[in-house]
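In order of appearance the chains are A, B, C, D, E, F, G and H, and numbering begins at 1 in each one.
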Amino acid sequence: MDEFARLDTGRPARTGQPEVVYAEPKTPAQVAACVRGLLAAEGTAPVMATRCSPEQAAAVPEADYDPVDRLLVARSRPVDAGRGHIEVVCAGTGDLPVAAEAAGTLTAFGVSCATLVDVGVAGIDRVLSHRDRLAAADVVITVAGMEAALPSVVAGLIPAPVVAVPTSVGYGATFEGLSALLGALTSCAPGVAVVNIDSGFGAAMVALRVMRVAR
Amino acid sequence: MDEFARLDTGRPARTGQPEVVYAEPKTPAQVAACVRGLLAAEGTAPVMATRCSPEQAAAVPEADYDPVDRLLVARSRPVDAGRGHIEVVCAGTGDLPVAAEAAGTLTAFGVSCATLVDVGVAGIDRVLSHRDRLAAADVVITVAGMEAALPSVVAGLIPAPVVAVPTSVGYGATFEGLSALLGALTSCAPGVAVVNIDSGFGAAMVALRVMRVAR
Amino acid sequence: MDEFARLDTGRPARTGQPEVVYAEPKTPAQVAACVRGLLAAEGTAPVMATRCSPEQAAAVPEADYDPVDRLLVARSRPVDAGRGHIEVVCAGTGDLPVAAEAAGTLTAFGVSCATLVDVGVAGIDRVLSHRDRLAAADVVITVAGMEAALPSVVAGLIPAPVVAVPTSVGYGATFEGLSALLGALTSCAPGVAVVNIDSGFGAAMVALRVMRVAR
Amino acid sequence: MDEFARLDTGRPARTGQPEVVYAEPKTPAQVAACVRGLLAAEGTAPVMATRCSPEQAAAVPEADYDPVDRLLVARSRPVDAGRGHIEVVCAGTGDLPVAAEAAGTLTAFGVSCATLVDVGVAGIDRVLSHRDRLAAADVVITVAGMEAALPSVVAGLIPAPVVAVPTSVGYGATFEGLSALLGALTSCAPGVAVVNIDSGFGAAMVALRVMRVAR
Amino acid sequence: MDEFARLDTGRPARTGQPEVVYAEPKTPAQVAACVRGLLAAEGTAPVMATRCSPEQAAAVPEADYDPVDRLLVARSRPVDAGRGHIEVVCAGTGDLPVAAEAAGTLTAFGVSCATLVDVGVAGIDRVLSHRDRLAAADVVITVAGMEAALPSVVAGLIPAPVVAVPTSVGYGATFEGLSALLGALTSCAPGVAVVNIDSGFGAAMVALRVMRVAR
Amino acid sequence: MDEFARLDTGRPARTGQPEVVYAEPKTPAQVAACVRGLLAAEGTAPVMATRCSPEQAAAVPEADYDPVDRLLVARSRPVDAGRGHIEVVCAGTGDLPVAAEAAGTLTAFGVSCATLVDVGVAGIDRVLSHRDRLAAADVVITVAGMEAALPSVVAGLIPAPVVAVPTSVGYGATFEGLSALLGALTSCAPGVAVVNIDSGFGAAMVALRVMRVAR
Amino acid sequence: MDEFARLDTGRPARTGQPEVVYAEPKTPAQVAACVRGLLAAEGTAPVMATRCSPEQAAAVPEADYDPVDRLLVARSRPVDAGRGHIEVVCAGTGDLPVAAEAAGTLTAFGVSCATLVDVGVAGIDRVLSHRDRLAAADVVITVAGMEAALPSVVAGLIPAPVVAVPTSVGYGATFEGLSALLGALTSCAPGVAVVNIDSGFGAAMVALRVMRVAR
Amino acid sequence: MDEFARLDTGRPARTGQPEVVYAEPKTPAQVAACVRGLLAAEGTAPVMATRCSPEQAAAVPEADYDPVDRLLVARSRPVDAGRGHIEVVCAGTGDLPVAAEAAGTLTAFGVSCATLVDVGVAGIDRVLSHRDRLAAADVVITVAGMEAALPSVVAGLIPAPVVAVPTSVGYGATFEGLSALLGALTSCAPGVAVVNIDSGFGAAMVALRVMRVAR
């Protein structure tokens, strides 16, 4: 088997988003070949890989790598604040790597974003004190594990789309993110859009579709 | 088999709480015999049955029955407000029967309680506007289905014990109360005590133990 | 308990969306009181209830009711096609009631939408033949049960946000919508926003946030 | 992102309990910064972190650390036996670390407690022989994995609140604590308050709320 | 398809137990044909059907039927107390139908048995007061739902085999018998033999194998 | 919405199989319209609907209906034994409706098949006595609930493809077919092909693909 | 906490079985103390620990240890073949460690047993060829993972009690022993007694109760 | 225990397929003994082991080993293209090891096959561009994780049997392959045959039965 990937280079034309490499199940050599193939094939679209280990990143030394968000960015777009602004809101410090994956992806795609950290609902005044800032965003991404009450509270406060990322932070009855996933899906606040557990990347992609700035 | 129940009449002396009849899986005749047996055996302790159908209640016409909370109360204790006060807080109208089961049980046991209805976190100002009232309670019982964010928000606001009853209200990914149960168990606000799904009775029993007023 | 609902009349100002009554767990009298309370309290915002039974609807004869989508609409907004257009895409005939709930909600809120029925991926040409129509939509809502392959295929074809509603249609290993829910959440096409099983209403609310037309 | 935590220093005033650092998902530097931030911000409240690894503890050498209960205690309150007494009851030796987390937290908060070890119900006389001691406690915390029969037996013997911590001890059909969790939630003895699997800390927080001694 | 059952008439010779008809998924005519086929084919072995509805029973008027245990007994064996004795112990009144299925099956097979009702562990003295009686049995069958603590307590008291039948009595986190099933499987008392949820019949069959009296 | 189905009339050309109507979630009028649409559109291909209720069948009086297998057959193909032969093997009488759905579908498509009933592995000689008959089949479909041991035993005896249909027959730990589904998927006999729980139709479709006789 | 175990030395008198140390969640020092405490306290009863790691075993050098069955045996009873005989039957080579735990425990308790290996039902003749040997046993313990068809086949062949140990051998849909557990619980052959996943020890304990030879 | 495996050397005669060694739970010495036993016992049938680690492979140096597909092949059959052709279709690069297990097994058994890589449905044109190639195959094996939409799309395009292997690639709500497994089982395209998660070997065995070329 001398070929392992069939790059979908027509994707930007169809969906406005280039293909992004999902590094986790690939060998370092496969990651490098995918990233370089995309760099070669496309004009100015961002080129990046997600959930990348340091070993995989070392195979593509020409790209930027951050071990916290695990993003490998080989080509990014300059941030253009005129196109709108996204807030990434994070319930606890443990949710930071997932929030960073969302923020890092948005930044690589040239979208302005900011991160609000550790505003879990156990101290509800923390999130309420940012009410105006959240209400001004074009999209808000909430990143929260455990009972994931944050998207419900935020969606009740603002008119913009709320994208909820459940995280696997916690132990016992969190069941690796299940509690947060079910919580986000059954939010009593209507209009919460849910993505996969720990998928900061997925939330960023939903936000990009909403803002249509990914072209 | 000519005998179907072995009443635990020593329970008040041991635990401060008399046995309460769990009517659901019993025949009407069995419910009637249990209730009358407890009435005969004990001095002044409350005598009641939970999750009672109208058919079962009809077999004990001398007792009070409410088809909403499904409690059958054959002997109750006068409410003594001097012993403290409990707030039962309910996220949505659909949670009312469970909240009523908690409140009805407390009342039958002579404990002062009040119910605050439809203060779900999607409109966070509703619960915040009752902050002082909640902070003054000796125990707060939260009754909430779906993502069950209410106990987290309440426990972050007050010093008293918070007893969370997850409910089976909702559809789809609520999975008959699982979402609310996992949410309550993994609350980011420390000190939430959880009872079984839909068990307003169980929450009342925890509250009674806390207040030691059940004797 | 002489009061059972605390209407959140400040919600339009905060979120751009009025409160919508979730009828399922309420008595007919409660549904009627909620709907009439909202009619009285708000200026021109739509007033409606979801998952309404014929018995509940009969308690509010002044409102429109459709037994298929189970929506009770007491006040709607005229549709304004200038504000954009949404496509609701439905995998099978069995998914129609959920699709109708989404479409009916959008229509009541004054948003232009159309429904494309029975374009499941087992006959992939059916959905491909509507490629241009889907690519022109501002938001696409997919409604699909069983393995829920539809959102993945659609999201790979268009740049707009794709909101996936998993449905409980099917038997056996669908486990009442679990198969479709997990499928939508783990879609290989990035940027799919998922809502609760069978929640056409939830999908409409996400779409309304995206389009900011609900005020 | 130059900031990773927003300490909730108003919490003691609201809830009577200071914020406690959940160390597990944090880097050693983040744990150290949180602990030191709390030490700086608050007067006399206890300062501690839970589920701390030796590596994390090494970053805060000025605090006490115990590798069994994994608590890092930077400031504690002297124990005042006059405020009541709590018994922590442990079904098996394997449950000891969780019991120690509960006891260590109570001690750091200045509450008198004692631990009764290895009194599982397979030898029911072991727990019965401590009947009087348990009946004298203000709160009893049970720590038990597998089928978690202990809270049911204890709650049937005493009038005080019983807080059940299910543990993940065991293998096979314990499913990492699920058997014990479901057992505690469905206890036939009314009035059992349940917390998350393995959360000795959570049980201590419930007990502190019950005793209102955490200020 | 003119034939729907292939009676296993060689079973008594192989296993000491005749085939017993599982009525639930069969039509009344199928139940009748199976029962009559077994009556015709075998010498003196008991002939019976389990989980039989009144409608099914009406199709075999020559057999005895009890709507509580749902057993249809067409031929039974006289009870011979000399062959040993079995105790069926039942945690709550709601577990009685399952206990009756076990006892009725044993009786039909000619085995001496007695039933001890409503001895749940919330009042542990109830079961302890029967310690000697239980210790004298050749096999003890425990029938308990919810947390199913009974088999653990009983197995810690006696030397005989303990067969645990988890029941689906209860609501919420019992998840239709799952809590009791997991509890019985993970009992801390070694030597508990578990059968299917609600299967009083299955427990009787295990007991019969233990006593080898079914021939 | 004046249109509810988009018949996939190109399917026979692509897959060799015409579309079959899944009646369960449709109204009687929708079933009738789909069946008649297919009758009109296609030359000689079979036209049928599965999981049809008597009410739905009454809307298409020109078609044949059997309330046991719930198939509605509007046009069938004559059986041609020269094209091979399929055996449908059924573990218990309760599995008969699912087996009948498989056999009825095969017959409607003109494939020779026979059904072997009640050969569960508890009496292993029953299935072994048909060893030669099974070994001569071109495909064997096993239909079994509970622990679903039948496909493992059969696949170990014959060289032909074995298609396993897990059924939902049983109670308790069968969890509505989950036990049989997991059993079939993890069969120790290699080469078992599994379809959805209770899907006799699905098994027939796999068999038809294997035999390529559906055109 | 200077004490970590409360040995239940009265257990042999009550149940005929001494306490056995469950080593897995204990430190090596705790294992050593428990084993030595039992050696000191009891006359002639076997003293042993289960699920012991090499590190734990090294702390008790005076005892025998086998890294395959992970049993640490400090005192055993001579095997007395006159008391009956048990067969341990093992579906695959991967199930051997669990079978060895059962056999090793029986041997330590002085019971005669033999092991039959790799007789999975995919080659049904392998188990059938041992029909007479199995029929002669007093108890048969089956050890099988995956679909666990073995207990059904064996229980259909012999009159003795069949104790089924589901194992976690396999991958994918075995879900760490769940497939085998559900299979054993729902066996179509009546009279199968089930113990916890991978618990060869539990099966031995059931067998010892059956044979009453453990004193 | 001096014997650990009972080779089923009669299997080729019964099923047309020799026994294949499942290496994962065996020691290297056991793997070597099994492989050599099969080499000795059988004439010309392929001899191989699956899910083999490098350590296990090192114990059989005379056999070929590939660390990607983890197959150890000691004797293979020359590929005979005249017997038909199988396509193995793989949704993503991460699914390659499972696809390679299927292809490697087919090749060892002398069956012609080819692999089509990275044709996930997010870029539907990739799979559509191979429509003719797929339609020409005798069997198509799809290998896909996440939502596993590939088997539905493929089965809607071709007449040949489609064997779906769900894979555990992905994170979060994939729940280790559960999402893909449920997706494949509930495919809206009739006639998909499903095997265990990650079981490329199982799919190959189904394909071999279909083609009857394994003798």
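By our rule, a contact is a pair of C-beta atoms (placed from the backbone, for glycine too) under 8 Å apart; a residue touches a chain by one contact, two chains touch by 3 or more.
The structure presented is a predicted model; accordingly, all values stated were derived computationally and were not measured.
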{"item": "Comparison of E-G and G-H (more C-beta pairs in contact)", "value": "E-G"}
{"item": "Same-interface partner of A-D, chosen from the options F-G, A-B or A-H, over half of the pairs matching", "value": "A-H"}
{"item": "Copies subunit H and subunit A - interface residue numbers shared by over half, same or different", "value": "different"}
{"item": "Centre distance in Å when subunit C and subunit E are each reduced to the mean of their C-alpha atoms", "value": "49"}
{"item": "Centre-of-Cα separation between subunit G and subunit D, whole angstrom", "value": "35"}
{"item": "Residue list for subunit A, restricted to those that touch at least two other chains", "value": "11, 92, 122-123, 155-157, 172-173, 181, 185-186, 190, 196-197"}
{"item": "Each pair of chains that touches, named by its two labels", "value": "A-B, A-C, A-D, A-H, B-C, B-D, B-E, C-F, C-H, D-E, D-G, E-F, E-G, F-G, F-H, G-H"}
{"item": "Residues of subunit E defined as touching subunit F within the complex", "value": "1, 3-6, 8, 10-11, 19, 22, 24-26, 30, 34, 51, 166, 168, 177, 181, 196-199"}
{"item": "In the complex with subunit B, residue positions of subunit A that touch it", "value": "91-92, 120-124, 128, 145-149, 152-153, 155-157, 170, 172-175, 178-190"}
{"item": "Interface residues, subunit A side, partner subunit D - complex", "value": "92-96, 100, 103, 115, 117-119, 122-123, 125-126, 169, 171-173"}
{"item": "Contact set on subunit A toward subunit C in their complex", "value": "11, 14-17, 20, 135, 155-163, 181, 185-186, 190-197, 201-202, 205-206, 208-210, 212, 214-215"}
